[in-house]
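Consider the two complexes below, in which subunit A is the common component and subunit B and subunit C are the respective partners.
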Partner chain A sequence: MTALGRTYLLAILAFLYLPIAVMIAMAFNNSELYTLPIEPSTRWFIRLASDQPLLSASRNSLLIACATSIIATLVGAMAALALERKQFRGRTLLRLLLLPPIAIPWLIIGTAMLVFFFWTGIGRGLHALLIGHVALAIPYVVFIVGPGLQTIRVDLEEAAMSLGSTPMHAFFTVTLPLWLPSVIAAALFAFAVSLDQFVISYFLSAPGVSTLPVEIYSSIRKGFTPEINAISTIFLAVSSVLILIFAQLSNLGSRRGSR
Partner chain B sequence: MLLAPAYGWLTLAVFLPLGAMLFFSFLKAAPFGPRPLQFTIDNYLAFARRPYLVGVAWTSVEIGLWTTGLCAILGLPAALALARATRGRSQQVLFLLIVLPFWTNGLVRIFSWTMVLREGGVLDYALHLVAPSAPTFSLLYSFPAIIIGLVHAYLPYMILTCYLSAAAIDDAYIEAARSLGARAPIIFAKVVLPLCLPGLISGSILIFVPVIGSFMEPRILGGRIGVTMGTIIEDQFVQAFNWPLGAALSFTMLGAVLLVFALARGFPRRLLSA
Partner chain C sequence: MVPVEARSINKLYSGARVLDRVSVTFGSGLLTSLLGPSGSGKTTLLRIIGGFIAPDEGEIRFGDENVTSVPLWKRKVGMVFQSYALFPHMTVAENVAFGVNRRGIRGEAARKETARALELVRLGGFEQRKPKELSGGQQQRVALARAIVTQPRVLLLDEPLSALDRRLRQDMQIELRRIHRESGLTTIFVTHDQEEALTLSDSVAILDRGRIVQEGAPADIYERPRTRFAASFLGDANFFTGRATPEGVETAVGLLRSSDPLPPAGAPATIAVRPEKLRIFPIGAAGTDARADNMVAAVVVETVYAGAVSTVLLESADNASIRVLTQNREATAHAPGENVVLSWSATHSVVIQD
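And then the complex of A and B:
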């Protein structure tokens, strides 16, 4: 029974990783028509270095992902602090309001943002992308840092204050250091949400100024170049490292909480 | 106030836009330029005026049902195997390996499938290694291709939600059923399946809702046959510039999504009381 279960899991993993393996293999394949068998080559990585649209789109993606991560974590952590630590009317309603950005299909949110931003003159472009990405990331941040905050006892802060610390000082020296692993985990998650976001970026990007997923989509529709496999392989390596850090940090958080 | 930035941001980027889109969906033409506003409900009558949309909507629902069903059939056993057949370190590693593909760009994964499924692609090539005389075949630009791509994209959701349910099942229940003489299929149907139901339901919602709104997967893997509500809405905004119609179609879809949520909320309670 156990052996059967393990074999089945391996089959599922093979299915999940097949296209990823193909992508990496094709990035190192000399043929531009993806013909098999593979002739090893690094020419797509070399070509990539001089592909301006792809490089600038990658730069935009990284820039927006960094900015999104910082803003969403800051704003989301503040909200989580209020939602977890303060008692007030309408708290349940405010929590419910975090669900639409996660639950409504991106297509609907993306087109709604396009309509509204165009209409009010906010327009399209990197700033519009940033507004959209941060809005998408905030609910995730609140849901990740909220439980982390619950495991930190409020009386620690109270003890600090009874010893003469100001509320601000108590928060920054007592609560924040304990909270930090889940805050960093949330920041990484927000970074990844932004880096992978395609639908909203697609509707909000201005001609000529796009992010990597948008650039990939338009080149798939125009006629694909294997450089995309090369840059995706690089991004895959980056995000794998990020999720490993994320997993390590969320483990850390739970171990500390159970103590 | 600590809450103001977060909710201000969400208002600006999500709630006001949804409101603006609702307003747009009742307009005859987008309110750009000096023309006076003209209100109409024509956009919502699109399904009656353009009968082909009913077929397109049905295709979207079909894609959603196939994807969700296959994810459930493949994902539940995987979740059970993960929860029951592995433990400790290897369980953690397998869990991480299942979540990891999430973090690669969805678009690239879908594109990789075109390299697998097309004529002369990986699958075709592998078949010819085994059977050199077989005719070449291509699954690309077909309904199964869209389903394969979507199942691949959403399967980890189902495994995760079912795993959370499966991991919570107390071994004692299964032991009790076994000691009372129940055989494996009965234990599965009467004990394991009901206890995994919450995971199956939340997984199904997490999959069905985005799948009916998908547009890049049907476009890339379905080619000309990949016309869904998602691609129609995309066209209204990107090519046809009929924003009011696109807005109305988006809102119709939102209605469908809310209906799914409402059904899912009522569903488990009715099952429990029955």
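And then the complex of A and C:
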């Protein structure tokens, strides 16, 4: 099994990582025509520094991803608190209504948002992109932090309150620290959802104001340049660092909990 | 210390009456058990006293103070949860210090109080452990230390021993008594275990379907149960039903005498007799027990040997089953089919409400 198993594992990893490896290699290759052998160079990164549309799209992408992550996590976590911990009329219906947005094709959501934003006068641009991404990310956040909250017993907060904590203090000293790993996971997921988003962003971008995926798409239509490999490599590095930070955080969290 | 009083507490849960005009006083500095089967409302009453839930009607008083509308975090109660509810992300010391810090005591003073509480529950040296690294019994002690350290006005225990195995439970019962004695706190202990209630408490209140059936010292309730439920839930009992006469109760097995006041003649009446109060005599030898006020003929069905004692199952003339608990002082086993006479004194015939 071991030899076969190892080969199988390697095949999967190759399947996953080979295209990305090629892209990274080409980002550092001097040749514009993807010729081998690779001639190490950083010229595409230098060229990138003066590519205003690509740079501004990158800035927009990061800005919107950060803002989406923060807003969607706050709103989603509070929604999860209400859905898990409070008794109110329509709770089950609300929980059910969170499901469809995950299943509805983005193309349809994007079209609907575009129509709605025009109808209400919100229009297109950065603010529209932000609203769209937040709306898109909230259900994911609720579904990530909800199960995390379920594992935290309600009597922990009751214990804290019986010892003199106000409900607010009990939440922040007892529930939140235990909940934090799934909240951070949700924040990173929301960040990724926003950074990754193309279809909805394409609909909500205004001329000259777009996100990186939209900008890459339009420049590919004009003709592929290795600069795109360069910016993709940078974003890949950023995402990888975020994932590693998260892995470290959640690992520390579980180790602290089990000790 | 102050007494704790519940005054005509009513509580409905989605239409079902969980507590029905419950009034009960928990003596100052005493350990009182709330005893009842599951669904009797005992935990609900405990949670209302603690302020975890609000009653629909009624009042909770700590001494002279009406605390019904005082929120949980200002009520100064100590609670030990069935699940212990220790904070998993904090050490033992941090768990115990939580309530101390909440009272505004920090630093060295807080450390001292924490250490003293852990000493009381014999967990000195465990300060830096995490709850997960402790056994069930140790977690239980931490929960107790955490509740006691704040010097609460009342200590509430919600079936704290139910998660422990039998041996540990018996040790913890003795520990609980000691800790209660040393802390002197007014303590309310919820349990469905009659033995636990008998051995642990100064006083017992029996709950059945949202009502207090009887309250008093364990021995008083055991010797003089007021209802069939109290008699059978706290201990075991044989019941004889019939009609009251001026001399006693006329039943299917004959006239039974009781030293209790009797209902008016002709009214239905029930007599309860504890299994260990009955004595077994071979037929014809009954005359040797001159003090016997009550004598009933029976046939031995089975003897269940349990070391120090045996339970003898018998059948009376009217086919009702009777249980007798005998001490195995001599090796006199009663064989199935043996005809015997059961006798007991009138003081052991308890007239109960059915």
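For the reader, a short list of remarks on this structure follows.
Everything below uses one rule, namely that the second predicted complex is superposed on the first by the 244 of 259 C-alpha atoms of A that agree within 3 Å, B and C clash if a C-alpha of one lies under 4 Å from a C-alpha of the other, contacts with A are read in each partner's own complex, and residues count from 1 in each chain.
Throughout what follows, a contact is a pair of C-beta atoms (placed from the backbone, for glycine too) under 8 Å apart; a residue touches a chain by one contact, two chains touch by 3 or more.
Small disclaimer: the values here were computed from a predicted structure and weren't measured.
Once subunit A is used to superpose the two complexes, subunit B occupies space next to subunit C without a clash. When the two complexes are superposed, the chain touching more residues of subunit A, out of subunit B and subunit C, is B. Using the contact criterion defined above for the overlaid structures, shared-chain residue A:Ser162 touches subunit C, although it does not reach subunit B. In the superposition on chain A, A:Pro177 makes contact with subunit C only, not with subunit B.
Here the apex is the CA centre of subunit A, and the angle it makes with the centres of subunit B and subunit C after alignment on chain A is 100°, in steps of 10. In the superposed model, A:Arg153 makes contact with subunit C only, not with subunit B. Touch criterion not met for A:Ser58: it reaches neither subunit B nor subunit C. With both structures placed on the common chain, the touch criterion links A:Tyr8 to subunit B but leaves subunit C unconnected. Judged by the touch definition given at the top, the superposed model places A:Leu114 against subunit B, while subunit C stays out of reach.
Of the two partner chains, neither subunit B nor subunit C is touched by A:Ser205. In the composite built from the two structures, the nearest CA pair linking subunit B and subunit C is 21 Å apart.
Within the complex formed with subunit B, the residues of subunit A that make contact are 1-2, 4-6, 8-9, 12-13, 15-20, 22-23, 26, 34-37, 74-76, 78-79, 81-83, 86, 94, 97-98, 100-101, 103-109, 111-117, 119-120, 131-132, 134-135, 138-139, 142, 192, 195-196, 198-199, 203, 212-213, 216-217, 220-221, 224, 228-229, 232, 235-236, 239-240, 242-244, 247.
Only residues 1-3, 5-7, 9-10, 12-18, 20-21, 24, 31, 74, 77-78, 80-82, 84-86, 94, 96-101, 103-109, 111-113, 115-116, 120-122, 125, 152, 155-156, 159, 209-210, 212-216, 219-220, 230, 233-234, 237-238, 243, 246-247, 250-251, 253-254, 257, 261 of subunit B touch subunit A when the two sit together in their complex. Of all residues in subunit C, only 50-52, 72-79, 81, 83, 85-89, 98-99, 102-103, 130, 132-133, 146-147, 150 touch subunit A in the complex they form. Within the complex formed with subunit C, the residues of subunit A that make contact are 153, 155-156, 158-167, 170, 173-174, 177-178, 256-259.
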